[in-house]
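In the two complexes below, chain A is the common chain; its partner is chain B in one and chain C in the other.
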Partner chain A sequence: MERPFPPCQAACPVRTDTREYVNLIAWGRFEEALQVIRKVNPFPSVCGRICQHPCEAKCRRGALDAAVALKELKRFVTEIETAPAPAMELVPVTRGKIAIVGAGPSGLTAAQDLREMGYGVTVLERLAHPGGMLNLIPKYRLPERILRKDVEAILARGIELKCNCEIGRDVQLSDLQADGYQAIIVCAGLSRSRGLALPGFGAERFVAAIPLMMDVWAGNPVPVGRKALVIGGGNVAVDVARTLRRLGVEQVTMACMESHAEIPASEEEIAAATEEGIGLMPSWAPKRVLKKDGHVAGLELMRVTRVFDDKKRFSPQYDPAHVKAVAADMVVLTIGQAGDTSWTLGSPVKLDRRGRIVADRELHSTSEPRVFLAGEVLNGPGSAIQAIADGRRAAAIVDQFLRTGIMKSPPPEDRAIVGEFPKAAHDKLHRLDRMPMPQVPGPERLAGFHEHELGYDQAAALTEAGRCLNCGSGPTIDEVKCASCLACFRLCPLDGITIQKKMVAAPETCQACGLCAAECPQGAITVGHWTREQFREQIDRNLDVARPARPRAAVVTCAHAATSKSESDAAAVHLRVPCVTHLAARDLLRLIANGIEEIRVVLCSPAACKHASGQQRAKQVLTAAVQRARAVRPKVTIEFVEAGQVLSESPSVQGVSQ
Partner chain B sequence: MSAPAKSVLLIDDDRELVTAHKLLLEEAGYRVSAAYDGQSGLELARAEKPDLVILDIIMGSPEAGFELCRELRADASLKNSRLLVLSAVGRQFQMAFEPDSLWLPADRFLEKPVDAETLMAEVRGMLGQPDPRPTKTALSQEH
Partner chain C sequence: MIVVRRKPIESILAFLAPYRKVLLLGCGSCAAVCFAGGEKETEEMACLLPVMAADKGMDLEVRAATCQRVCDWEFVEPVLAGDDKPDAVVSFSCGAGTNLLADHLGAIRVFPGVDTLFIGATTEHGQWQEMCSGCGDCVLDRTFGICPIARCSKSILNGPCGGSKDGKCEINPETDCGWIKIVERAQALGKLDDLASTYIAPKNWASSHHGGPRRVKREDLKIAKP
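So, the complex of A and B:
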């Protein structure tokens, strides 16, 4: 039976194995962590900056204290300096050629997937540079070098990119069909801001968000005034407002129809905007552009009494008697985006009565065979990670169609999801503060477009990664070996184990501390990637290496502690465990049997250890084992070292059954 | 006795385009009249009460075009006239428009340029006439 998804992974549109990369970070295995992310996401650096992180919203740690900072950890691991990647061996082109229209996240993801499958892939981009709507994101949130890094890694796989090539203008759909492309995937995004035909339309500096932000991104001169009104309450509106502040606009206000509680922008974006002095006017809708000499002089607004009806449908109501005028010399519309369908003109690709491309959302197909859609042009507005997921999906469908002639959706990755923490387990879990993201203070940010989130350093990343609760990665039981002896049942610090015919660990309770696996007398339990056999090999190997020096001491270090502190003893046998909870009494006996008399265990401070209750039990078990060993080896000692301090040698062994 | 031909009023300052559309519509059996500025268009609409008005927005200022759209819609005598906005205003101002009840109270909005087939399908659809083109079956069946 497949393991249940941790909620974070289930929430990610590309099903990033979040738990895995976070744990690899916690153990200091950064390169491997990055590979886990790359496996499903060709934009790891971009997502480390701007992902809307639906994973965090579902993180079970959020119910205890605060969600693990998954986006920040992703960013950290993409920034670790590693040796230059060896030149990639290109996958030979063994299949037909495919054209992809649009070099945004969905287009480039589909391009990478199809190229890796052996197709020849050409990407057509209307702008002078790739990235699509990611180019709309201000550089203080997504620096250009970060975007380029991911894009260049994708293109380096042997994908042809043609910039300044717009479908419908520079090349027609029929040209691509005549050129022998076996499939054409249009990922053109939503490249137009929605307009509003207000009285006063056409005044100077009454502008749309997208052309404004494109100009800012490209470094083109952008005329701004001193007071600006941004119409809209989404994340793009916040981007525009914060951008205007950086362009020198002294007073920026966001006016939106939604009430304060309904504002669509994320809380963190609104908080950042507020820190930068941006005003909010919820529940106001534009009524008229006020003009003076052809220029915007202000905006008349009317009070919104309701945006959505009882069934959550958009159905605004206004109070016509409640009107106010706000002075401004610039108004920016950010009330949504729409696709440009002009490329369909004269082509067999049909539009519906509302001017949208007729398409099958499941199959990504249009009314024209071999012409597909992906990303926002198919699904409407969405996040970058949703676009990436959609690009992957389209690539899978197109590949299957070209190989078999069958149009079929990829099977859904439906698995059970680890449930909520039982209330009883809550009190036994340590509360650990989320590591704050270092930030440039609000006023200082406005000096330019430099990134204001500074990223975790290694110590912060290791600490934050250590907060992950390992949801759903609990024990695997060898039912043949399991003797239902109750050892695991008695040891589990969270009381998450029941013995039915065999041992059963409740996935919603288990934190995969490994204590049960370490102390199972039958060796019937495996937790995560850690196996007893591997550790025994580590012990034997390291004893062999150290044997010429006749070592008397062994240092066993918890991986979480090892990466932030060093415990070095040249004459000792050094061993490493993911957590002291994985160290078994019989491991110590193996060391003692090989002449080791001094055992030092380096562990994290209980205040920082997510397995704190398990750590305490492990210390009791190990101390008891050493005390028993003294019957034959009286000189044997054990000490537990945390944060450089030597702990009491003999913690209480009460309640531990061996 | 066959039903009288449906009437269409074209309001656009692009005379060449009006001529082309007039030919197209007349060939399809519609009675077509035309005006080349907003004021004449409004007067002609009130006089003729056409079944369909096809209205450009940028005839001078776009603001005036949008205002004309609202005036046509607000005129009770034109309550039976359908209103199709056919304009390049979105392209010119880099915005996307859709009809809305407050500011752009048209029945449909099409962006220029449109091809003859799309325009005629739209006109037929708005006047409740069947589309002679073959009906699409489930898209997935075509592949």
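So, the complex of A and C:
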């Protein structure tokens, strides 16, 4: 039976195995954590900076104290210094060639996936650099080197990139078809700002967001005023407002139609804007442009009484009597974006009455065979991670079509999702504060476009990763072996086991502490990926390595305390367990049978341990095991040492079994 | 369940002195539930036994295996299949399983790894109590579900005796007086008069072990294969 998805993974458009990479970080296995992310996401560094992290919104820890800082952890793991990656062996081109239009997140993702499948891939980009709309994200949020790092890693797989090559201008769809591309996937994004039919729009200092941000990105001089009004409430509006502050605009106000509760921008972005002194005017819409000496002098705004109707459709209503004049010498419109469909002119790709490309959203297809769409040009505005997911989806569909001639959408992943954490168990859970992201203070940020979020250090990352509740990785029970002894039922600190003929672990309660597996008299329980056999192999392997020295001491370290100095005992055999709660009596006896007489168990301080309630039980069971072993080895000792999160060179440990 | 207790490791090792290849056979039923002879306990023993043997200059090759129920031969047979037969088997099941092994194992010597104690129940995790003596002639109908044979130290049929003090037994002050429990139970059910007027006549102990080894034979369940 497949385990249910943890809610974080289910919420991620590319189904990143969040729980897995967070646990790997908690255990100090950073390189492996990065590999878990890379498996589904070619933009790990970018997402570590700017992802809207739908995973965090669904994190079950949120209902207890605060969600695990998943984006921050992702960023941490992408920044770990490692030796330069060995030159990648390119996948040989064994299939036909594919053209991808647009080097944004969806286009490059589709390109990478198809290239890895053996297709020859050429990406056409209208701008001078790849990255698409990611380029327009202000550098204080997404430094250029971060974007380049991901993009270069994708291109290094043997993808041809042609910049300054715009479809419809520099090359026509028919040219690509004539060049023998077996499929063309257009991922051109939404590159045009929507305007408003207000007099004066388009004049200097009354501009739309995209041209303004393009100029900022390109380093062109941008004329700004002293008082700016930004119209719009999305993340782009916040980007513009915060950019203007950095360009020296003294007073920036954002006005949007949505009410405070409806503002589409993320809470974090709004909070950051507020810290930077940006004013917020929810429920106001532009009515009239105010002018002075032929220049924009502000806007007259009218009160919005509602934006959406009962069916959540956009249907604004105003109170024309309630107006307000806001003085501004600069106005920027950020009220949405539209795609550029001019490339379809003269091609067989059909548009509908409203000028939109006729397309099948499920199949990514257009009216023209072998011409596909992906990303925002197909689905409308969305996040980077949605674009990445859409690129992956399009690649899978195109591949299937080219291999079989069948157009079919990939089967949905309809695994169950771990449910809410039961209220009854809330009080039994150890509260752990979320690690704050170190920040440059608001006023200091405005001096330039330097990143103001500084990233976690190793200690913060380990602590934060240790907060993960391991949702859904709880025990699987071998029903044949299970003797129905009830030990797990009686022992579970969260009362997460029920009896239905045999024992059943409630996935919504279990935190995978492993106490039940360690205690089970039949070895019928497996928790997470941790198995007795793997640990036994770890013991044997490490003893083998150490054997010439005949070590008398062993240090068994909770993986969450793995970077502690207290484990650095060069003369000892070093072993790791996911948490001391996973350690079983017979694991220790195996060590003792191999000549170990001093056992030191390094564990987290109870204040930092999410399984704190299980620590005591583990100590009791392990101490009793050592007492039993004294019948054979009277000198055996066991000591429990609390680890601080102290950074050190940890001695090399032969693989931590999960 | 049948409650067993692991024998001291020294005793087990002493059994094995003349043998080299030993199978430790765990039982996944009662012996597992009372944490004395399941997979975990058997593996623990497999860790420690060779160490102690080596200290004594013995060359012991130990294998541990656990089957679902040692008192059914069909579960045991696959564990002992193959040519690599042990010289001796230490059984961590109750005496029933160990006996069955001895009946089947021919030249292979069988030893008990546990002492079989009683038919009992778990009163809390890690604590078991005798509840039934298997006398073959149940009187629980007259004693309100509490067994005077198993839970009275003297197994008297009409109690309590003069050795009962403050609800405890004179044999061991930590042992509840079985007959006081019977009285309290009758009282709680409003049936104290019934108890007072009931005289339990001496039992026919032939149905207990005194009539020799017991067996149950059900003709209606007999499988007749062509």
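Following the convention adopted for this analysis, the second predicted complex is superposed on the first by the 597 of 658 C-alpha atoms of A that agree within 3 Å, B and C clash if a C-alpha of one lies under 4 Å from a C-alpha of the other, contacts with A are read in each partner's own complex, and residues count from 1 in each chain.
By definition in this document, contacts are C-beta pairs under 8 Å (C-beta built on N, C-alpha and C of every residue); 3 or more make two chains touch, one makes a residue touch a chain.
Everything quoted here is computed from the prediction, not taken from an experiment.
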item	value
Dominant contact partner of chain A by residue count, chain C or chain B	B
Which superposed partner A:460 touches (first chain B, second chain C, both, neither)	neither
Touched partner set for A:491, first chain B, second chain C, both or neither	second
Touching partner for A:198 - first (chain B), second (chain C), both, neither	first
Partner chain(s) touched by A:631 [first = chain B, second = chain C, both, neither]	second
Contacts of A:301 with chain B and chain C, given as first, second, both or neither	neither
First (chain B), second (chain C), both or neither touched by A:114	neither
Touching both chain B and chain C, residues of chain A	none
List of chain C residues in touch with chain A within their complex	8-10, 28-29, 32-33, 35, 38-41, 43-44, 47-48, 50-52, 55, 66, 68, 122, 125
Contact footprint of chain B on chain A as seen in their complex	192-202, 208, 210-211, 333, 337-340, 342, 345-346, 350-351, 353-355, 358-360, 363, 365-367, 369-370, 401, 405, 407
Chain C contact footprint on chain A (complex, rising order)	480-481, 483-487, 490-491, 520-524, 584-586, 589-590, 592-593, 625, 628-629, 631-633
Partner chain A, residues of chain B touching it in the complex	61-63, 66-67, 69, 89-91, 93-98, 100, 103-104, 108-111, 113-115, 118, 125, 136, 138-140, 142-143
